[in-house]
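Two complexes come next, and they have one chain in common, chain A, joined by chain B in the first and chain C in the second.
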Partner chain A sequence: MPVEVAFGVLSLFTLAGGVIAVGSRNMFRAALGLMLSLIGVAGLFLLQNAQFLAAVQVLIFAGGIAVLIVYAVALLEKPGEPLEAVFGKLVPVAALTGAVVSGMVIAGILKAAESSSPPAAVPARFIGQVFLNHLLVPFEALSLLLLSALVGALLVARGSGEDKH
Partner chain B sequence: MLGPMAYAVVAALLFGLGIFGALARRHAVAVLISIELMLTAVALNFVSFSRLHPAQEGLTGQVAGQAFAIFLIAVAAAETIVALALVFSLYRSLKTASLDRFSILKW
Partner chain C sequence: MGENFFISLKSQLADIALAWLPASWQPMISAILVSCAVMAFAPLTMMFLTWFERKAVGRFQDRYGPNRVGPFGIFQPLADGVKMAQKEDIIPEGADRLLHHLAPALVVVPAFLMFIFVPFGRDMVAADLDTGLLFFLAASGLSAPLIISGGWAPRNKFSVLGGLRAAAQMLAYAIPMALSVVAVVMATGSLSISAVVEAQARLGYWYVLTPWGAFAFVIFFLCTVAEAKRTPFDMPEAESELVAGFHTEYSGLKFAMFFMAEFTGSYAACMFAASLFLGGWIGPEFLPSWLILQVKAMALFFVMVWFRGTIPRFRTDQLLALAWKFLFPMSVLVLVATGAWYFLRMDSGIAAIIWPFLSLTLAWWGLSVVLAHEFIRANRPRRADNAG
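So, the complex of A and B:
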């Protein structure tokens, strides 16, 4: 069954990328692990016939956000500096929380009724119509949010102006 | 044909990994990376659970799930920009990106 094989490979990519992103000592490697995981999720979208969303995921998440994080790592990391410990004091609590949350969700999922209808392809036209008919106000609010995030990020990152030349 | 639940299991595992990383890592950008993992897991959940209802025109089923996932991706982008700006600002004043040192608000 090719779909099952593709699902297995893509979920392996996704989870392995997640493990690299969370556990890697080298921050650059962690950012690349995030990119691998995001592209794996884009493949899982594609496998569920969500082509438009897969394209958006690759363009914005893997192409925009991950590259932004790589730039941040390149600016923040000092080469040759001795690394501090990767994990803080909260490791047992964090491991317990993560395991309990995903265990509970998976237990709930396995109890739920499985429906095996094949996914229908959603044309991008439907999504665009929904955005302009039903979700027009949230759509415009989203553009305001993006604009204010952009301006706010510039203001915060520029500093207080004391070091202006 | 694989049902939506197989994808939801992958999303739950990814979400658990993200929770672990967000709580345990010390580097601020590593915490941000873990939060991105959690957000992607939620987007995957939106898409896979919306498959329980067939695609039609209008705000139902798969169309609604994918529209919400697009909202989530846009909000994640805004969140990343602001968080990185905060990390840069803190790095400028404290000369470190380790979250353990970001304790200037308490004394």
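So, the complex of A and C:
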């Protein structure tokens, strides 16, 4: 029973955050809604015994990416008027994407429901070993990608270098 | 008040509750009791710390500090609380009213959350997670967006600036902080905070006494001071420039909430520093383990107060330069030294202590010289005819 209550509360948080993120006209509130949704997902991970995933979800998505979004919104605003969200006009494309993604998620849930074994806790040690043995090449490729993104961002931020001393 | 006082208190309370409820609620009741303990501990500690800080800073400045309410002014925080509660709650015109209410309430959540992962004593941890260290970093990282929202909600330029400065500073210092924690993880081979404390008990020495640990501890502690936005890292709330930074437009208890987040966050960080580097609840046998951790954490908090009484404020660019140009490279070097120490200590004895220590000290001095040179160059007065 307590698990079901926790699941209900966390799902409510996740969905409410998602609705705010998509629906709010106020960009700042939308960003905070996204953060709420991400934290709710982290709680759901924790409920499924996926501790490492939950910690990383909060650390990187809620603590890192959400901060960047919130920071950018607060920085870009003109004083006195909140940044308004622009609602796109690509309704058919958005509907199609939404339908495909939710179809995939529903299919995944149905498949997982067939094998009704409860998820076992995966120790962080095991995840680390998998990353540094089996998945070493993709892991390193990802870090290379991030490094190049960093260097690229620096290059863009520096500009042409004419007006700098 | 023996070693097992709190543990037996908790089990007795749980027994009382279980007489009324089905047995399947047992984990839930346990969780609620522990959360209540943490929720009570954090504000009480905050009240004590405000008194302690004012008393200690008073001494540093050759004053008495609060001494009117109760013996030695110990009830001053209660009087302050009553005063705060009586103040008018002012919401500026044009503010985002919802966020103005929400932000001060939410900003204490990460600070309270951190207490859940710290082992208060032997077998006394609210959530003994396998990845507790990651959760600690995650909880401390959560406060940055909440502080920006606090600064953004009143729609005041000064408080937005304060919020942005606070976030930039917290992001910058989160990285060396995480890396110095990684050094501890490397030496222990576990992400669990209880495992870190037990490893120090097994080894027989605190991590701060190892060459890498000494440097990692200094980096970690400086970063926690910066994360808590305490002097000398309190530029985000500098009164002389930003009025009061992100909490300019909050009065009464809302302002007190920001204050509480700062104090509880810094005390939680002190408890973490004590657990990771100073052996946590390990200490002399005749003292209960939970008291030992509090003594160590209070000693660290005293150092924070000492900083406040001694060091002037840094400028924002100096703060960020310190994080990115000094603490970040230094923490990467500490990681290398930790690896070297880990593999060398078995067979090379004293050399495994001396070499890492020597090279880290040299690196520390080298980086300090580079950073000082940077500062001098950046602060050199510009000539008017400098056209390049």
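The rule we apply is simple: the second predicted complex is superposed on the first by the 125 of 165 C-alpha atoms of A that agree within 3 Å, B and C clash if a C-alpha of one lies under 4 Å from a C-alpha of the other, contacts with A are read in each partner's own complex, and residues count from 1 in each chain.
One rule holds in what follows: a residue touches a chain if its C-beta (ideal position, glycine included) is under 8 Å from a C-beta of that chain, and two chains touch if they have at least 3 such contacts.
All figures in this text were calculated on a predicted structure; none of them were measured in a lab.
Asks: In the overlaid three-chain picture, which partner chain does A:L150 touch, first (chain B) or second (chain C), both, or neither?
Replies: In the superposition, A:L150 contacts chain B only.
Asks: Of the two partners chain B and chain C, indicate the one touching more residues belonging to chain A.
Replies: Answer, by number of touched residues of chain A: B.
Asks: Classify the contacts of A:V67 with the two partner chains as first (chain B alone), second (chain C alone), both, or neither.
Replies: After superposing on A, A:V67 lies in contact with chain C but is clear of chain B.
Asks: In the overlaid three-chain picture, which partner chain does A:V58 touch, first (chain B) or second (chain C), both, or neither?
Replies: second
Asks: Looking at the overlay, what does A:L75 touch: chain B (first), chain C (second), both, or neither?
Replies: Both partners, chain B and chain C.
Asks: Touching A:I20, do we find chain B (first), chain C (second), both, or neither?
Replies: Neither: A:I20 stays clear of chain B and chain C.
Asks: Answer with first, second, both or neither: which of chain B and chain C does A:L110 touch in the superposed model?
Replies: A:L110 contacts chain B only, not chain C.
Asks: What is the contact status of A:R29 with respect to chain B (first) and chain C (second): first, second, both, or neither?
Replies: Touch partner of A:R29: chain C, not chain B.
Asks: Do chain B and chain C land on any of the same chain A residues, and which?
Replies: Common interface on chain A, chain B vs chain C: 52, 56, 64, 66, 75, 121.
Asks: Quick one: which bits of chain A touch chain C in the complex? Just the residue numbers, please.
Replies: 1-2, 26, 28-29, 32, 35, 39, 51-52, 54-56, 58-59, 62-64, 66-67, 70-71, 74-75, 77, 79-80, 82, 121, 123-125, 165
Asks: Help me check something: in the complex, which residues belonging to chain B touch chain A?
Replies: Residues in contact with chain A: 1-10, 12-27, 29-30, 32-34, 36-37, 40-41, 43-44, 47-48, 51-52, 54-55, 57-59, 62-64, 66-67, 69-71, 73-82, 84-89, 91-92, 97-100.
Asks: Taking the complex as given, what residues does chain A use to touch chain B?
Replies: 3-4, 7, 11, 14-15, 18-19, 21-23, 27, 30-31, 34, 37-38, 41, 44-45, 47-48, 50, 52-53, 56-57, 60-61, 64-66, 68-69, 72-73, 75-76, 84-88, 90-91, 93-95, 97-99, 101-103, 105-106, 109-110, 112, 114-122, 126-127, 129-131, 133-135, 138, 142, 145-146, 149-150, 152-154, 156-157, 159
Asks: Under the touch definition given earlier, write down the residues of chain C that touch chain A in their complex.
Replies: 24-25, 27-28, 94, 96, 98-99, 129-131, 134-135, 137-139, 141-142, 144-145, 148-149, 151-152, 155, 157, 160, 163-164, 167-168, 171, 174, 189-191, 388
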